[in-house]
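In this document, chain identifiers A, B, C and D correspond to the written order of the chains, with residue numbering beginning at 1 in each.
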Amino acid sequence: MITPAELTTPNFPNWCPGCGNFGIWAAFKNAIVASGWDNTNTVFVAGIGCHGHMINFVKLTSFEGLHGRPIPVANGIKMSNHRLNVFVFTGDGDCLGEGGNHFINAARRNHNVTVLIHNNNIYGLTTGQTSPTTRKGFKSKSTPEGNPDEPFKILNLAIAAGATFAARVYSNDIAGLTNMIIKANEHQGFSVVEMLQPCVTFNKECSPTFFTDNTYKLPADYDPTNIAKALEKTLEFGPKQIPVGLFYKVDKPTAESNYPQIENIPLVDNLVEKRDITKLLQTLY
Amino acid sequence: MITPAELTTPNFPNWCPGCGNFGIWAAFKNAIVASGWDNTNTVFVAGIGCHGHMINFVKLTSFEGLHGRPIPVANGIKMSNHRLNVFVFTGDGDCLGEGGNHFINAARRNHNVTVLIHNNNIYGLTTGQTSPTTRKGFKSKSTPEGNPDEPFKILNLAIAAGATFAARVYSNDIAGLTNMIIKANEHQGFSVVEMLQPCVTFNKECSPTFFTDNTYKLPADYDPTNIAKALEKTLEFGPKQIPVGLFYKVDKPTAESNYPQIENIPLVDNLVEKRDITKLLQTLY
Amino acid sequence: MSNKVYSIKIGGQAGQGIKSAGLIFSKIASRSGYHIYNYIEYPSLIRGGHNVMQTTFSLDKVYSQIRPVNFLIALNQETINLHLEELVEGAGIIFEDEGKIDVTLCKDKCRLFPVPLKKIAAEAGGQDIVSNNVALGAALALLGGDLKHLFDLIDEDLSSKDGEVVKINQTAAKAGYDYAKTNFADKFEPLLAPQNNPGKKMVVNGTDAVAYGAIAGGLQYAAIYPMSPTSNILSLLAANQEEYGYVYKQAEDEIAAINMAIGASFAGARSMTTTSGGGFCLMTEGFGLAGQTETPVVIVEGMRGGPGTGLPTWSAQGDLRFVLHSHQGDFPRIVIAAGDAEEAFHMIMKALNLAEKYQTPVVLLVDKNLLDDEQTFSEFDYSGYRIDRGKMFLEKDPEYHRYVNSEDGISPRTIPGLGNHLVANSDEHNSYGYSSETIHDRNEQVQKRLRKLDTCAKEDMEKPILYGPENADITIVSWGSNKGPILEAMKDYPFVNYLHITWMSPFPTDAVFQQLSKAKYLLNIECNSTAQMAGLIREKTGIDILDQLLKDDGRPFFPEEIREKINSILIKK
Amino acid sequence: MSNKVYSIKIGGQAGQGIKSAGLIFSKIASRSGYHIYNYIEYPSLIRGGHNVMQTTFSLDKVYSQIRPVNFLIALNQETINLHLEELVEGAGIIFEDEGKIDVTLCKDKCRLFPVPLKKIAAEAGGQDIVSNNVALGAALALLGGDLKHLFDLIDEDLSSKDGEVVKINQTAAKAGYDYAKTNFADKFEPLLAPQNNPGKKMVVNGTDAVAYGAIAGGLQYAAIYPMSPTSNILSLLAANQEEYGYVYKQAEDEIAAINMAIGASFAGARSMTTTSGGGFCLMTEGFGLAGQTETPVVIVEGMRGGPGTGLPTWSAQGDLRFVLHSHQGDFPRIVIAAGDAEEAFHMIMKALNLAEKYQTPVVLLVDKNLLDDEQTFSEFDYSGYRIDRGKMFLEKDPEYHRYVNSEDGISPRTIPGLGNHLVANSDEHNSYGYSSETIHDRNEQVQKRLRKLDTCAKEDMEKPILYGPENADITIVSWGSNKGPILEAMKDYPFVNYLHITWMSPFPTDAVFQQLSKAKYLLNIECNSTAQMAGLIREKTGIDILDQLLKDDGRPFFPEEIREKINSILIKK
């Protein structure tokens, strides 16, 4: 089992002081230690954005790909070695702007990966343009007169697309997030965790106080198995009206479970060998 | 006003005999004639697929773009000349496979265009691979052992993404479709019409009889203004359980209405002129 | 007749079973001891458009379609109208004898064999589509072919259908055969007379070759988004995945396809994808991602007429420069192009090795003609093939560095799950994989990556192949499926040779230079409008090929066009 | 001192206001009568990384950054450590006098000016970030500059903030100034002494030039997805849209961006988009769509280090071949590259005309250095500019054919809504726009499109610009922002000339050939690893430039490196 010290890399996070990514970083490391994830069983894939720098700060096997494309990379990894826990760290821009098509289609196919969305409602790394989750009217570098566009409701979209696990946590609720990351990974299927993440530099509105003031926990009697209810609940968003917790969870066959050829042994556990294709060539005479 | 004869082009449709596209073709022409659409006020954009051939068969200003990309082209057209009625003809593959990101983001921004989806649950033009709306288990050229993937519920996804008008019609219900195309265009905002379209060549399951047998009209007392209800209703799909009609309609500012600079006059009605930028250059001293 | 080349053409509407009839005919020819080449044309429509398949055959090897048609099966009027000019004096024409097809224009030139195709089909209990087998039967009778082969092939072709369907088709074929024997006894030469002890030959197109080659070459994972002309590859891959134990996954788009393939490869699976130019546009970013993260991936790029959607069902060679230069910045890419199905078979197997050995993307360029057109080959011999996964590091080492500097440019690769800390990074990085922007790390990594091309040039790159005499009056330079018509044309010219270029990156500069600099007259042949290969040759060798035979209308070269060009050069000389 | 060149460097952490301080300093210099060149370096991080801005200034024109640093403002230790070697003998260093910054290593070489920056800032009522203005004040005192300019610039810089903030910063600046005057009286040369009647000069970078040039050039619609190094262009476009009456729209991705721009252009709006290489990957399909549908669109491609995510905040010239060859098949593309902000300004205006005149995509290549680095220029003179929308057909004609054949390759374009039936089609089409796969239509349309390049070569293409004497001992060939350091280096070499290539497609083959074939010694300079321009030149002209000075580490060339290279050539000679 890995220790916190073993997760340390030579690079200290260069996120802005106060950035919500620190909370996510801490929670992920906690979850790793608590769950016994390590380089024998776990991989994470990151998009491009402030969130993507994660690969430099956690000593665990990782792939930092292209902006918007961590999900298909993760899908390929999981299909090739479904014994691995596969995480995706992505941003609101990465996941729903550049990468929106992968998000909805991977959800539909129910790939068994956990998608952790750093939702800071902004393009952080490119220094502050609106993202697909920025609220209408928000003034940013790209919208000095106010954002003309409506934001997505991430979890509503995720469920409509086919995600089988949908949750929301505030990034600085480290204990809650640790727990949710573990739960999301335990879930067999496409798990989406929307992490409300303050970007203290470019989104002064979605500050830590904003999130602590306006979030509330889903009530204990909330039933996350009813899709219609979950769709309704994930529409809710407003002052004092940001529910956090698990909105939806349903068990369905995962994408990887549909391939008999990998039922017993992960694809990569087969030796790569020259195959005899005489039978196939016979059909050509 | 245009007459049916004036809509005729030198090209007779080369869709397979019995293809649902003939119904769509007829309904669109009816709607054109009934509404007085013509080359002074209307444009349509098509994707690539059997559906995209439409531009060769209707003599109305059109743009056939790339596979998956008609929606952004339509967005650009509408923003530049919002006096035009702008239609998109797209396929289930075009719109939700290749073009899924544009579909959800354009819905979110509520561009005032009408998206007509030829949903034949198959990639027709590439001769029969599964599409993102093909049912799980369906045997096709690309899935000889049965489709491993779940399909999207198009309208559920559309509403979750932000579409402000969502309807479903069977392609061969020409009168109903004519009517719905007109209504969708009247709606100010992103209108999605899922057209259930038989592909008689590559999808023998979704045949005309299948659709006539299994569709039913939304009841007269169905209230299309309630989003939670609409999300619930658009989940329904099964034997004898395919509702058709208008599922959702809400009035919200369109993407184009958010730009004061085009409030009074369409962008293209301004003369392209050299601009005096002395004021801007002054800021550089 | 021995080495003479004949052709038979079958034409009709899309949906009339032209392709399957043509394939059956060509297999009859092959089983009877002939070499064949099948050329097929169809529009980007599912129905109604004009489809035509031509089988060219000879006792000699046949390298391509030819222009003249010796025998025509016309299932509709259009076939007559469109191909009238191709018919040789005395060509035979089988056509529907129901008055609907007007043959006045070929009456004098050709020998007419009207057959009541639909009627015979109906009598056999079949629908209109069965006409094609009636026509095949009649053609066999006229050409002296063996009906047994047709029976066998109908059986094999329809094996998935129930026995009744097979029966109907065979009955119809037999009736067509008998009808011709009765009505046109001894009216045509026995061009298809069975030979004694014919050697067994496969009838194989590039699609078969690529799909089966990939399977033979140890493919483990393919993610593909359908696109003509490569879609049939995915059908073959999909159909055989369970049996051979690899995974084929349809992606939501080409961006996903290449990123999924890269993910799979990172995880340790031998991976590939296929597409055409339009889809490759969407893969260009992932293409460089593979280069930068040093993740093996094979991309089969099947060219068709561009730009834009272009000519989806017609061929071209317009993507050479595109695949050579796409993506920002410099990184090592291996680009090879096949000239026929046999080359494609060996190249896809090789490509899978190259990608893993050099940990970089490999493009195999093919085109619509190569993918669709069948040709006879002896059974592919891949006994010499060995899987080469390159420097795989499968131990556990806490000091493992993914991008450690090395002379040959290749760093040992490990896979997730073995316990090593492995970082793949599309940001510029240090040898560990962590993001780094220092001059030292940047230069080290850029140069390390690019050195792989030098290593590859030394260890794997293949010289262009010279066909014909070492010294010649005219040296033709070309690549890809032009090989076929060029070799076919060269049958008549002992003093013409042909330099067939198969490696584009790295480029065999020295070998090309040597061969071309001693040529007496250079002719470059390409299916594009800007002579892309000639540009590449000039850039690399300085040699400016002044004479270009270019074609960009979606059709392949015919050997006749090449002969005409050669003749015009010879006259000038 | 007159024509001597000096430099001052300000360094600190990202977030310490380095860029704004540097810009203010350079504007003080400009207002005082000096020419400047600002060079900025920062990592792809928002905070914490090392940022540095260097203002090079002189009474003469300054073309680029230089290596030696005459004066350093060190807001953190890293600034000292990283730039120690660049400091000249006797360089001045202002640094935080709180014991935290260790200057032992520069003690002997430099003149140290410790200032209690944070303390002074605090006394003025400001936070740590105000230190930069304290330091600027102190620097002005030491360099003989005019405090009034600093006051003005603080005022202008903070005009959006409330008056109190301005006051605090000005007070802090004054206190820094006074501190230096008091403690280091007459310790340094008055390098920044105000000149009499200084001509007014703009301090402008490529971002300003491209954005404002586009506005001047009649831009109506821009759809952009943010990407370094072009993101600041979109900020300027977004900020000014209402006033100037165009629309800026942020797209969901680059594919949407180019397709939206194409849609807008089809509708009749003058359109553009901007991106970097990674985003251009995603635009390659739309790029060819514009070519095939003959829809005007301008793409500003700002190069950064590739491949992959690469070096997001560092410069490169690695995308030349990429933009020249991306997309399947052949179509006419216009590719031009700017050498400095002034060129970029005129080129974007020209590009908007070219796109509409030739109804085809135009790429303007720029790079990170050009976009970020400010330089002094006289006010851009665009009085000679005329909007040219090309063949616009705005009448109504029932016989209108969109793609009618024409000698110059250009068909009259109409827009939707006028009553004409207009079909734009990415499938190959006939002159009407309907899909067609016939040989006739295909050849007509391919050739019609490609003829536009010939027309453009005749009517608009510009020859490369020759700097320096017509005949020279060494001829440098390069392009893009290398122009700056090359011209800077050439100040010392009257017998070196420089051929600055600005048009890449169409390519001015004859002009380049003429100039290069008479050169005595050729040196090619590029910021990439494979000498892409040299390859292009060889392909087009046959001339093989054997000596290459290449750099691909994200940093620009320094004139010192070029001089060193020139010297080494001269010695060999």
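Just so it is clear, a contact is a pair of C-beta atoms (placed from the backbone, for glycine too) under 8 Å apart; a residue touches a chain by one contact, two chains touch by 3 or more.
These figures come from a predicted structure and were not determined experimentally.
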| item | value |
| --- | --- |
| Which of A-D and B-D has more C-beta contact pairs | B-D |
| Of all other chains, the one whose Cα centre sits farthest from chain B | D |
| Centroid spacing, where centroids are CA-atom means, of chain A and chain B in whole angstrom | 30 |
| Averaged-CA centre spacing for the pair chain C and chain A, given as whole angstrom | 41 |
| Intercentroid distance (Cα basis), chain D paired with chain A, Å | 36 |
| Contacts with 2+ other chains: residues of chain D | 44, 242, 252-253, 255, 278, 285, 289, 293, 308-309, 312, 426-427, 435 |
| Junction residues of chain B, two or more chains touched | 48, 53, 64, 66, 97-98, 100-101, 105, 132, 149, 259 |
| Touching residues (chain side chain A, partner chain D) in the complex | 14-17, 48, 50, 53, 64, 66-68, 97-98, 100, 123-127, 129-130, 132, 141-145, 149, 201-202 |
| Sites on chain B touched by chain D in the complex | 9-11, 38-41, 43, 45, 48, 53, 55-56, 59-66, 69, 72-77, 79-81, 83-84, 101-102, 105-106, 259-262, 267-268, 270, 272-277, 280-281, 284-285 |
| Interface residues, chain D side, partner chain B - complex | 27, 30-31, 200-204, 208, 212, 215-218, 220-221, 223, 240-242, 244-247, 249, 251-253, 255-257, 259-271, 285-286, 289, 293, 379-380, 382, 385-387, 389, 415-427, 434-435 |
| Contacting residues of chain D [partner chain A, same complex] | 15, 44-49, 225-228, 231, 234-235, 238-239, 242, 250, 252-253, 278, 308-309, 312 |
| Touching residues on chain A, where the partner in the complex is chain B | 96-101, 104-105, 108-110, 132, 148-153, 156-157, 159-162, 227-228, 231-232, 235, 252, 255, 258-259 |
